[in-house]
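One chain, subunit A, appears in both complexes that follow, with subunit B as partner in the first and subunit C in the second.
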Partner chain A sequence: MSDVKTPNTPLWEVFIRSRNGLAHKHVGSLHAADSTLALQAARDLYTRRGEGLSLWIVPSNAITASDPADKGMMFEPTVSKAYRHPTFYDVPDEVGHM
Partner chain B sequence: MYTQGLSNPDTAAPAKAAEGAGLAARFQERVDAEERIEANDWMPDAYRRTLTRQISQHAHSEIIGMLPEGNWVTRAPTLRRKATLLAKVQDEAGHGLYLYAAAETLGRSREEMFDDLLSGKAKYSSIFNYPTLTWADMGAIGWLVDGAAIMNQIPLCRCSYGPYARAMIRVCKEESFHQRQGYEIMVALCRGTPEQKAMAQDALNRWYWPCLMMFGPPDGDSTHSDQSTRWKIKRFSNDELRQKFLDALVPQTEFLGLTLPDADLRFELGEGDATKDGARGHWRHGSINWDEFRQVLAGNGPCNRERIAARRRAHKEGAWVREAAAAYAAKQAKQKLAA
Partner chain C sequence: MATTSIQVNETPLVLYLLRRADDALILGHRLSEWIGLGPILEEEMALGNIGLDLIGQARSLYAYAAEAEAAGNDEDTFAYLRDAPQYRNLLLAEQPNGDFGQTMVRQLFYSAFADPYWRAMTASGDATLAAVAAKSEKESAYHLRHSSEWVIRLGDGTQESHARVQEAVDVLWPYTGEMFECDAAERTLADGRTVIDPAPLRDAWDGTIGAVLSRATLTLPQNGWMQSGGRTGRHSEHLGHLLSTMQHVQRTYPGAAW
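Here is the complex of A and B:
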């Protein structure tokens, strides 16, 4: 049997909302034949100790990721735009907190 | 639970071109700066191969590690012990799955890695090839085997490869219950009848040496530690981890009123943490039978064949479930498309 290749099962990404009011956060991935089984597996695999109140399951191949090689092009321009931050602006001390 | 780095080192392929060398230098800079390497980042082929091997062996160890303990689930002495043992075995399955997922980010599928385990191509921790003969072995495994695993795994939470480090953080959080439940079993047996205490001593006698071996060969013989250290996959040497384990183990054994089966065990004054009497130094173990270790790794341990046979049987008997789930998913997808 071990000379027969086991067929691949689809991969899913798991997101958990840990508390009411917080966003769903990525916790890991798992294999399952369909979304129903993926949800059940996620419950067993990622919430054995009260980790959350809600689960999202997303097919891994539905995710489009930015290329690490494009990091400079994608994100550097925001670093050089310091005027997008409140601390860029001088407000006289007398005015107090703004 | 554990990575022993079991196979031979990769012979690093000669760098293809100056471009490769430049990338490799950049990569090492990032590692040196304690940056985490992520799945899509450039990495040397040998780094990818080393990690794929280490993480998949680690995953296989978790999966095989369910077998020695599964042996006692139906015979646990109380409902409480049975529930905790089941929860522990379920955790091991979970740890295996986190680790397969981390390994998959490097490019091999879980199914390929699992097939390598079933065919005997892939290795797993030597410790799981020893039998669990009595209930006290459940105590000894939790206390010693999981204790050794924690020593190994805590530094892996800072491994340079992000997906592995994150999986290890989850595993370590869950693992401390395993060691505590094991020690609790040992305490109960040691406070019980003379027969129960003798059973605890017998388990300790059988697990002590294999647990010392779990950390892998002595530093002088460990061939690919240097590269793993440079890549910040490994943070402490095999001997350093073994020493930490032993220093923690001796007082825990004394508390139980048990004796380590090591005639040459001695305390050596010197550098090191203070013991409870205020002495500084380290406990030193007697010489380890590395021939036994090599034999177990080569497939000749007491339970190697049994372990793989059990996994193959489970995989074969579960084939219809995988097929049915896949067929049902395909049918649902088709109906959704038609609707």
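Here is the complex of A and C:
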């Protein structure tokens, strides 16, 4: 069986919305020949235990990702800017849990 | 065989339930044979899911058959302690998996029937059957969609996939007529609105299959002589082999549990 090759199927990213009102959340990826089969594979792989109400399938190569090497430039400058967190406001008791 | 097979008192309702349950169990077991052998991981899960749906349908129907027969049998004895001539499933369900294309064609042929069948059965006058139908209908709708998409891609794929799936269509075609049979026992239930007569579903099935095969660039076989006999226990040689695997543990170690 030396001529067996890995199927030439592209990679897809899977997003599930678990409940109405929540955002779709990335859950993993899969291989499939096209978007129709990718959606079915996502249903079969990632929603077997009642995880979702809605699925999004995105070709992995459609995602533009930040370069890990740019971590310093991209994310570190915010570490020292704690004043951006909304923790400096007094919340009236009547507001309750926010 | 270390155990004695059970005897079943096949009233029309019990016989009907065993027929539909056996269809689901045998086809579900066939799909379980793919576990560890699937063409890709994604598809292996899909085959397993479909198989589990079908085995779940079988369990509900066996449980109801046990209640209707009221002779001490249960899901397990129906599944594990009947020999091939006591099985009432369609010959289509027991046909071997063949290659992936043949498995998908078999699934398409069955699901294109099961989908409208269970939808129509939701109107059954029997509350238990209507509830089983409501669950099975949604599952079957997905099985039909999944197998359709694969048959379309394999038929309209490479020269080899086209040839293989056309071969599967031709080989399995003679087993499709049996789905629409309604014998005297089932007729009495249909007259009482407990079940539906499957014969009128033929047009819907022909339409579904015609559309899928056309998109798949496959040739629809001529309707010639059709195989029959599964409903009365006359099976192909394949069922005995399947049962010897499926029943092996219970036959060897009666009552084994874990």
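Methods note: the second predicted complex is superposed on the first by the 81 of 98 C-alpha atoms of A that agree within 3 Å, B and C clash if a C-alpha of one lies under 4 Å from a C-alpha of the other, contacts with A are read in each partner's own complex, and residues count from 1 in each chain.
Quick note on the criterion: contacts are C-beta pairs under 8 Å (C-beta built on N, C-alpha and C of every residue); 3 or more make two chains touch, one makes a residue touch a chain.
From a predicted model like this one, the values you see are computed outputs, not experimental measurements.
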{"item": "Touched partner set for A:65, first subunit B, second subunit C, both or neither", "value": "first"}
{"item": "When both partners are placed on the shared chain, which of subunit B and subunit C touches more of subunit A", "value": "B"}
{"item": "Partner chain in contact with A:94 - subunit B first, subunit C second, else both or neither", "value": "neither"}
{"item": "Which superposed partner A:40 touches (first subunit B, second subunit C, both, neither)", "value": "second"}
{"item": "Which of subunit B and subunit C A:8 touches, first, second, both or neither", "value": "first"}
{"item": "Contacts of A:31 with subunit B and subunit C, given as first, second, both or neither", "value": "both"}
{"item": "Overlap of the subunit B and subunit C footprints on subunit A, listed as residue numbers", "value": "7, 9, 30-33, 37, 44-45, 48"}
{"item": "Subunit A contact footprint on subunit B (complex, rising order)", "value": "38, 40-42, 87, 90-91, 94, 97-98, 101, 104, 109-112, 114-115, 118-120, 166-167, 170, 174, 312, 315-316, 322, 325-326, 328-329, 332-333"}
{"item": "In the complex with subunit A, residue positions of subunit C that touch it", "value": "39-43, 45-46, 49, 142, 145-146, 149-150, 153"}
{"item": "Complex contacts: residues of subunit A adjacent to subunit B", "value": "1-3, 5-11, 28-34, 37, 44-45, 48-49, 65, 67-68"}
{"item": "Residues of subunit A touching subunit C in the complex", "value": "7, 9, 30-33, 36-37, 40-41, 43-45, 48"}
